[in-house]
Amino acid sequence: MSRRPASERLIETFIRLSAGVAIAALVMIFIFIGKEALPVLTSPKVREEAGLSKLFLPQPPAAGKPARFSWQPVSKVPKYSLLPLFVGTIKVTLVSLLFALPLALGAALFTSEFAAAWLKEIVKPVIELLAAIPSVVLGFLALIVTASYVQNVFGLDFRLNTLNAGMALALAVIPVVYTVAEDALSSVPNSFREGSIALGATSWQTAWRVVLPAAFPGIFAACVLGFGRAIGETMIVLMASGNAAVLSWNAGHPFRSLSATVAAELGEVVKGSPHYHVLFFIGVMLFIFTFLTNFAGQMFVTRLKEKLTGAR
Amino acid sequence: MPVPTEDVFRIEDLRIRAGKKELLKGISLSLRRNEILSAIGPSGSGKTTFLRCLNRLTDLEEGLTIEGRVLFKGKNIFDPETDAIELRRKVGMVFAVPMPLPMSIRDNLMLPLRLQSNSLEEDADGRIETCLRAAFLWDEVKDRLSLAATSLSGGQQQRLCLARSLMVRPDVLLLDEPCSGLDPISTAKIEEALQGLKKVMSVVLVTNNVKQASRTSDRTAFLLMGELVELGETGQIFTNPRDSRTGDYVSGRFG
Amino acid sequence: MNRRWIDLISRAFTALTGLACATLVLAVAMILGHVAYHGWAGLSWKFLTTAPRNGMTEGGIFPAIFGTVFLVVLMTVAVVPLGVSTAIYLREYAHADSRWVQAVRMAIQNLAGVPAIVFGLFGLGFFIEFVGKGIDAAFFGGKLYFGQPAILWAALTLALLTLPTVVVSTEEALRVVPRGHREVAYSLGATRWQMVRRVVLPQAVDGILTGTILAVSRGVGEVAPILFTGAAFYLPFLPTRLNQQFMVMNYHVYVLATQSPDIDATLPLLYSTVLVLLLLTLTLNSAAIVIRSRLRRRMKGSK
């Protein structure tokens, strides 16, 4: 019936298979990182040193001493408490969002609601360029340039502190939040705005009472995706955090994040050691965590689309 | 003048549904060799669906159920062993909106040849000239074949599309309101071209323009809400319709 | 509250959002300005074409440039065919709203959100430990050949990381191609692949190019995925085989910034390296933005 050449059938097979690659990749990431993390749960040898209770519950540093949370994987008695890393990660994420969300959402609001068309044409690409700056460059700037300024201005005890790292991290988070939020705001139909303006509202009132509520799921998605980006970012934190695994919520202190721990230590661990498996275990947690935030983010974007098309 | 008798297409009780909506409600007719058959009717009468069915462009739409038989040279085109690709190379089509592809005039015309690489035309340039002449476009574009096709005027674009569909010598040409947005001069040229083309092929012309049907076609079919109300010699349809609805439509009382 | 107050407050808040915008633009300008100011002096032909010397406190960055180019070329070769053909599948082959298509789309979006460091772990666990060691066991009698950090594995890891970028850009471009063009191709007797190859793809070149450029820019910038899959601290030779390690600009920045024996001596080199890196990624992204805006304008025109 068909006189299609074999080359064409070959290409079509490739096309059909390629679509599966993204799914396969996601599954394989989970499997292959999970495989290396599994001994934390299953291997008696690994569990003795780094079982779940060692990762999450306080442990006495020596017999008779009060139990503490500490991450000291290369000391004589290795300690693998993840709590300092969790605290460090959450701490820097919160600081970065504190800067990133107001700036990114404010800028998104400005470009989509208030800026003249020509201004928008300039401003939008410039902010998008922020996404093009490699995180290693932001890390470098935070480490070499801004650290001392931040320390002096805020009178902090440590040069490499959470505040400084969080600000650099914010620059990496902002493009994510800005792009998604701007998209959400511009997808609100103009008829919404015209209705409100016709009732005598100012453009700010319109933005605040009409456009923002209509775009809310998208705005929320932007925040969630920004959160995910902050949790997973590695190089900035690795370079600017001071890498001290201390259990402290103080934004003036150095810290160490989950991702930076993996980056800093995996290069030097012995393959198959408890330490090696714990680092993969951290990878699994990062994977699951960002997977969930992404999933939630997408859900809200879908909801936004449904809401706006339904309302039309 | 020889009387054309042999049927190219034979359509038997063709029914098409989209979900619950019936687009065609049992159409039976034949297309003869070397004739121009026009299909007229108000919009929504199913003319376009009927036309797209004949080269199985309906395959592209999801959710259509097609019943009945459409025999092309005696073979049902909906048989599983019929190759739609082969069919479409024999049954050309011109769309309502001029649809030149964003490439040069020459590349537009070469495309159908390139699609059949196993039967490469030896004299492609000759073929291009023949088809452009047949579409009354040759004199206007012969010096600028490498120009972008989209730089032509709407009427020229449509004639280019006509020429393009002729490149692989189809047996049947389907035209879906080909002159709907065109100026009178281009419309006249296309109609004139069709008169020449029917010497070598059969033509189905779907049109909203009743006068065009009466000017150009040998036979006319009147469709209404998916039904074939009347089919006859064009002269008879326009002067002496058997069905009162046909009379009302061709005299402009509705539609 | 009277009208004047409402107007005043409205204006104040509007100004605040403008201020946020200005802050971001200023931040971009300051970063570029600062790096350009400090890095410009050290930028020379010699800097770009010689190797580091004296414990990386002197000399140029040629091996890092070479490694970067080699790496992203390999990555591009892997990711572009894969990404383009995924997009073609989603747009041209699959039924628009099937479960499978939704699953693929979701996987792509999720892949885009996986942290770079997790890709690094995957590269190590899958490409090196599983595939590489597997190849060594099967073909080289267990001798270490592919089962170690190498430019091939780093490039493939980056290819997975950038896959969503290419898919999304290509899909956007395919969406712009009018349905009528596809029907024309079919009506002329094109097979589906001929339709894609002759009519759709030529019109999607802009989008594919945008996606490729953005992917390359991302590949040039990301360090975390190549930390354990092939990036080298320092190499006295240029990599010429797929199973060798390589120096690369972004990792070089990290190394110079964090592990230099004498940071004051290194700093000028460091700034110049960062400047080269920034110039590269910003040029790439600007090009992508220009091409994309051209594409978007065409999309508006075709609607």
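Note that the chains are named A, B and C in the order they appear, and that numbering of residues resets to 1 at the start of each chain.
Following the convention adopted for this analysis, a residue touches a chain if its C-beta (ideal position, glycine included) is under 8 Å from a C-beta of that chain, and two chains touch if they have at least 3 such contacts.
Just so you know, these numbers come straight off a predicted model, no measurement behind them.
Point out which chain occupies the most central position, where each centre is the mean of Cα atoms.
Looking at where each chain's C-alpha mean falls, the closest to the middle is C.
Which chain has its C-alpha centre farthest away from the C-alpha centre of chain A?
Using the mean of the C-alpha atoms as each chain's centre, the farthest one from chain A is B.
Tell me the chain pair with the top count of C-beta pairs in contact.
Max contact pairs: A-C.
Quick check: how many Å separate the C-alpha centres of chain B and chain C?
Distance between chain centres, rounded to whole Å: 49 Å.
Indicate the whole-number Å distance between the mean C-alpha point of chain A and the mean C-alpha point of chain C.
It comes to 18 Å between the two C-alpha centres.
Using mean C-alpha positions as chain centres, tell me how far chain A is from chain B in Å, no decimals.
A distance of 57 Å separates the two centres.
Please list all residues of chain B that touch 2 or more other chains.
If we look for residues of chain B contacting two or more partner chains, we find 85.
Show the residues in chain C shared as contacts by 2 or more other chains, in ascending order.
191, 194
Name the residues of chain A that each touch 2 or more other chains.
none
In the complex formed with chain B, which residues of chain C make contact?
95, 178, 180-191, 194, 198-199, 202-203
In the complex, go through chain B and note every residue touching chain C.
Touch residues, chain B against chain C: 55, 57, 60, 62, 85-86, 88-89, 92-93, 95, 97, 99, 101-103, 111-112, 114-116, 161, 164-165, 168.
Which residues of chain A touch chain C in their complex?
Residues 4, 8, 11-12, 14-16, 18-23, 25-26, 28-29, 32-33, 35-36, 102-107, 109-111, 113-115, 123, 125-137, 139-141, 143-145, 171, 174, 178, 202-205, 208, 225, 228-229, 231-235, 238-239, 259, 262-263, 266-267, 279-280, 283, 286-287, 290-291, 293-295, 297-298.
Could you pull out which chain C residues touch chain A in their complex?
6-7, 9-11, 13-14, 16-21, 23-25, 27-28, 31, 34-35, 81-82, 85-86, 88-90, 93-94, 100, 103-104, 106-122, 124-126, 130, 160, 163-164, 167, 191-194, 217, 220-224, 227-228, 250-251, 253-254, 257-258, 267, 270, 274, 277-278, 281-282, 284-286, 289, 293
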